[in-house]
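Heads up, the next two complexes both have subunit A, just with different partners, subunit B and then subunit C.
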Partner chain A sequence: MSKNTNSTHTDAFYKEKHKEEMKYQVITFAMMIIFTIIAFGLVAGGFSKYFTIPVILVLAAVQFLFQLYYFMHMNQKGHEMPALMIYSGVFAAILTILALTTIVWW
Partner chain B sequence: MSTHAAEKRSFGAVLWDYLTTVDHKKIAVLYLIGGGFFFVLGGLEAMLIRIQLISPDNEFISAQFYNEVMTMHGTTMIFLAAMPLLFALMNAVVPLQIGARDVAFPFINALGFWLFAFGGILLNLSWFLGGAPDAGWTAYAPLSILSPHHGIDFYAVGLQISGFGTLMAGINFLVTIINMRAPGMTYMRMPLFTWTTFVASVLILFAFPPLTVGLFEMIFDRLFGANFFKPEMGGNVIIWEHLFWIFGHPEVYILVLPAFGIFSEIIPTFSKKRLFGYSSMVFATVLIAFLGFMVWAHHMFTVGLGPIANSIFAVATMAIAVPTGIKIFNWLLTMWGGNIRITTPMLYALGFIPSFTVGGMTGVMLAAAAADLQYHDSYFVVAHFHYVIVGGVVLGVLAGLTYWWPRMFGTMLDEKLGKWTFWIFFIGFHLTFFIQHFLGLMGMPRRYWKFLPNQGLDLGNLISTIGAVLMAVGAVMFVWNIIKTTVKGEKVSHDPWDGRTLEWAVPSPTPEYNFKQTPLVRGLDPLWVEKMEGNGKMIPAEPLGDIHMPNSSFLPFMMSLGLFIAGIGVIYQVDHKAWWIVAAIGFIITFGTMFLRSIKDDLGYHIHKEDLEDEGAGVK
Partner chain C sequence: MTHDEMLRSDNLPHEPEKATLEGKNKFLGFWFFLGGETVLFASLFGTYLALKNSFGSEEGVPTTELFGLELVFIMTVLLLTSSLTSVYAMYHMKNHDFKKMQLWLGVTVLLGAAFLGCEIYEFYHYVHHYEHTFTAHAFGSAFYTLVGFHGAHVVFGLSWILTLMIRNARRGLNLYNAPKFYVASLYWHFIDVVWVFIFTVVYLMGKVA
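Right, the complex of A and B next:
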């Protein structure tokens, strides 16, 4: 990307792309801060435990996905195989935890 | 490195070469030697079991020794024989099949082998240090926690070390297959052996961590006073069973999928047809892997998980018969109308199909949870899993070794002797295990030291032992064939079977850089495409250039040796605190070599293109 191709056309293309990427990163960052504030707010505000815990877990999952997709660039091309591996691993882990919680620890 | 040059070198130089090698072809040979050694050891243990059970009330070996032999037979055959032998074939073939110069991480490849080797040695040292593990290869918790001598500690620590090696090998193959395929080698053009290696590596990646966790918990329980599996302290023994089988069930697919891949290479080659239903074969492989993760509790139907859990796992288990059936029919249809040559590898393939089908069928019987309450822990189960493992994996390994022997060593195993080996082994195998179905149905429990006379079990056990002797004769004949062929040293061409895939396009002996120029792949079975539409030689995808090669290194050996020493220290520190010194020395060696590896740049070297042409000129 840093290569000078002597073509203002491609330069403009990359500039546009960088700009777009930067925009997404800033939006994501802002949303993550908001999520964190919401999470703290829920605990500080003294809401019911059965409301607070699931909401915080959902917020955590969304933040985790933001992290993977926007900050670690999984939204870009060429990340199909890592994505497949991550989701297979998540699948195997969830299956294990689900089975153990339902048939051993219930 | 031509063999001509190797002959002139001293034994010490060759030994040093193999101790430090990072070349996938030499690591394949190391895996073959290591796996072969443990296969013979596991076979000797099997013979002791069968001699003990030759007649009722036999006193050939003591009960405690029987338990140790029975445990070590299972553990050795699964972890130290079957998997390394498959790794030998994967290392020898997969980089060649995808047109790569080596695996992605040659250093880690060597480290994986040495970890396996030292883990296996540690495990078997227990024979000389107060007794081997004696709780069955599954090491179920209350029994393994209560076992008084150090056997189980050797089991847990030894498997932990060799498990690290397996995990590394799996990750290495994943990265290699994803990133290092030659131009044109799309996923749907990969040979089936590469595909099954890929899927088996995914299974290793996800199945070995549960084993690691389980073994660590066992080590902590036994050596450091933890209480994971001690109910009186709030632990739970069932957790071990779950962790073990969450690993253990994918493990059987880790073993059998590469064997499927081997037969999917052999059958098209000797039928002179492309593999029937290639895409459905790939689909079936992936589906087996996917389903393989949600069936583990079918090993635990009698634990008392409840009818709902049992039903779910029973149905999921039966579903696996569908993709496996797809495979069986695809192999049969590949042969249909083909120009079949009955060579030794093809004989193994023909023997494999009905044997494995029998094992699969008893598998569906065992999957019926209600019926399993009757079959559980009987010789019916023993017969079932030996039909799938011997009938699938062992026949696969023997077939693969015979098929790829010219690729690995440049010589051809004797065909006549090979066919005799097949028939003796095959007849012995069915004689040993077919009768065990009925012994099981008549109520003979597995893992028992003795059985009583006049309960209808005498004749069946005698037949089974006679079969086991035949299998041993077959194995000895295979080894004899290897020795005979090696001594004779008659070189064959680089493509003696009229092969279809890329590994047969490389000159023999394989140059250390595999491909002088990376080949261009124009379709499924790339070499066959060139034989039919081109001049029978691969089209290069790049101009001739310098080839970057990794340096040999002694560090993998030292890292593994360190863990081995540390393992011994950790096992014995319960007897005397001074053993911590030994453990510390081991850890210092391991982490010291890791540190050395991290700070010292090892950039490898280049083979210049001028030298390449010199070396290549005489070969092709």
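Right, the complex of A and C next:
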């Protein structure tokens, strides 16, 4: 029954690996909660808007990457196509937002 | 191994969600769809930013007075936590533990429903106390289109996960439904990603400026 022993070994290996992943995901969650509290705290604290707005936008961008790479597993192998697709989306998204916000200047 | 044995839950391979060609295709196709969704939401965000506090000739309440941070903070924590519980569900799926996966998906659905309840209360409050309606002015239209569209995504995500849970309750986990659960959880995370930008750009920036 050497085949069965082998599969228990691989099972144990993957279980351990999944546990490791979960640990990082829980850390990610804690960081996102902290970032959220900082962002709300900055706004509630009434700091200058030229300081607050860039900082909360950066915090949002970092949370976006956390979700993508840890919660949506983009840090794992075989995610080249997903990365291409989501970043093409982000590229078009930035252009769209720039176009729509600058068009109202005049 | 016969085809039937392959599909049974006690013989699942590593990463059951990507073990079949169908699963791989669903995975790639879904990321393609998420790229498109990003652009769709960007156009709504752009519209909102362009029309923020535009009341035209109508009377209206500006963002600084309209929004309350407490409720939005609770909603943010609810949705963020539901994102974590759906990660837990996928963790149990990878360990081929169907019951625990169902349990955590159930928690995800409950948290999502709580989020939705808060959002409905919020909209009700705006309409009845501030006369901030969809048709009142350009700002109202842009606001409800953006936030409401996200809310509709939450409704769709909840129904999707619930349907999967009920339809597969007695089947257990197999190679046929593992990709479905995986893709639904990706969708749920994406909803949270969009919310991160909504609470930052709409509520927090609205409160500052």
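What we mean here is this: the second predicted complex is superposed on the first by the 86 of 106 C-alpha atoms of A that agree within 3 Å, B and C clash if a C-alpha of one lies under 4 Å from a C-alpha of the other, contacts with A are read in each partner's own complex, and residues count from 1 in each chain.
Heads up, the rule we're going with is that a contact is a pair of C-beta atoms (placed from the backbone, for glycine too) under 8 Å apart; a residue touches a chain by one contact, two chains touch by 3 or more.
The model shown is predicted, which means the values in this text are computed figures rather than measured ones.
Participant: By the touch definition at the top of the document, which applies to A:T52: first (subunit B), second (subunit C), both, or neither?
Facilitator: Second partner only.
Participant: May I ask you to decide whether A:I38 touches subunit B, subunit C, both, or neither, giving the answer as first, second, both or neither?
Facilitator: A:I38 contacts neither subunit B nor subunit C.
Participant: Classify the contacts of A:A12 with the two partner chains as first (subunit B alone), second (subunit C alone), both, or neither.
Facilitator: Touch partners of A:A12: none, neither subunit B nor subunit C.
Participant: Does the superposition put A:I27 against subunit B (first), subunit C (second), both, or neither?
Facilitator: Touch status of A:I27: no partner.
Participant: On the superposed three-chain arrangement, identify whether subunit B or subunit C touches more subunit A residues.
Facilitator: The larger set of subunit A residues in touch belongs to C.
Participant: Mind working out whether A:S88 is in touch with subunit B, subunit C, both or neither, as first, second, both or neither?
Facilitator: A:S88 sits against subunit B and subunit C alike.
Participant: Per the definitions at the top, what is the overlap between the subunit A residues touching subunit B and those touching subunit C?
Facilitator: On subunit A, the residues that contact subunit B in one structure and subunit C in the other are 81, 85, 88-89, 92, 96, 99-100, 103-104.
Participant: Considering the complex alone, what residue numbers of subunit A touch subunit B?
Facilitator: Touch residues, subunit A against subunit B: 81, 85, 88-89, 91-92, 95-96, 99-100, 102-104.
Participant: For subunit A, which residues are in contact with subunit C within the complex?
Facilitator: Spelled out, the residues of subunit A in touch with subunit C are 10, 14-15, 18, 21-22, 25-26, 29, 32-33, 36, 39-40, 43-44, 49, 52-53, 56-57, 59-60, 63-64, 67-68, 71-72, 78, 81-82, 85-86, 88-90, 92-94, 96-97, 99-101, 103-104.
Participant: Would you pull the subunit B residues touching subunit A in the complex into a rising list?
Facilitator: So the residues of subunit B in touch with subunit A come to 174, 178, 202, 205-206, 210, 236, 238-239, 242, 246, 293-294, 297, 305-306, 309.
Participant: Over in the complex, which subunit C residues touch subunit A? Could you list them?
Facilitator: 14, 18, 27-28, 31-32, 34-39, 41-43, 45-47, 49-51, 69, 73, 76-77, 80-81, 83-84, 87-88, 91, 94-95, 186, 189-190, 192-193, 196-197, 199-201, 204-205, 207-209
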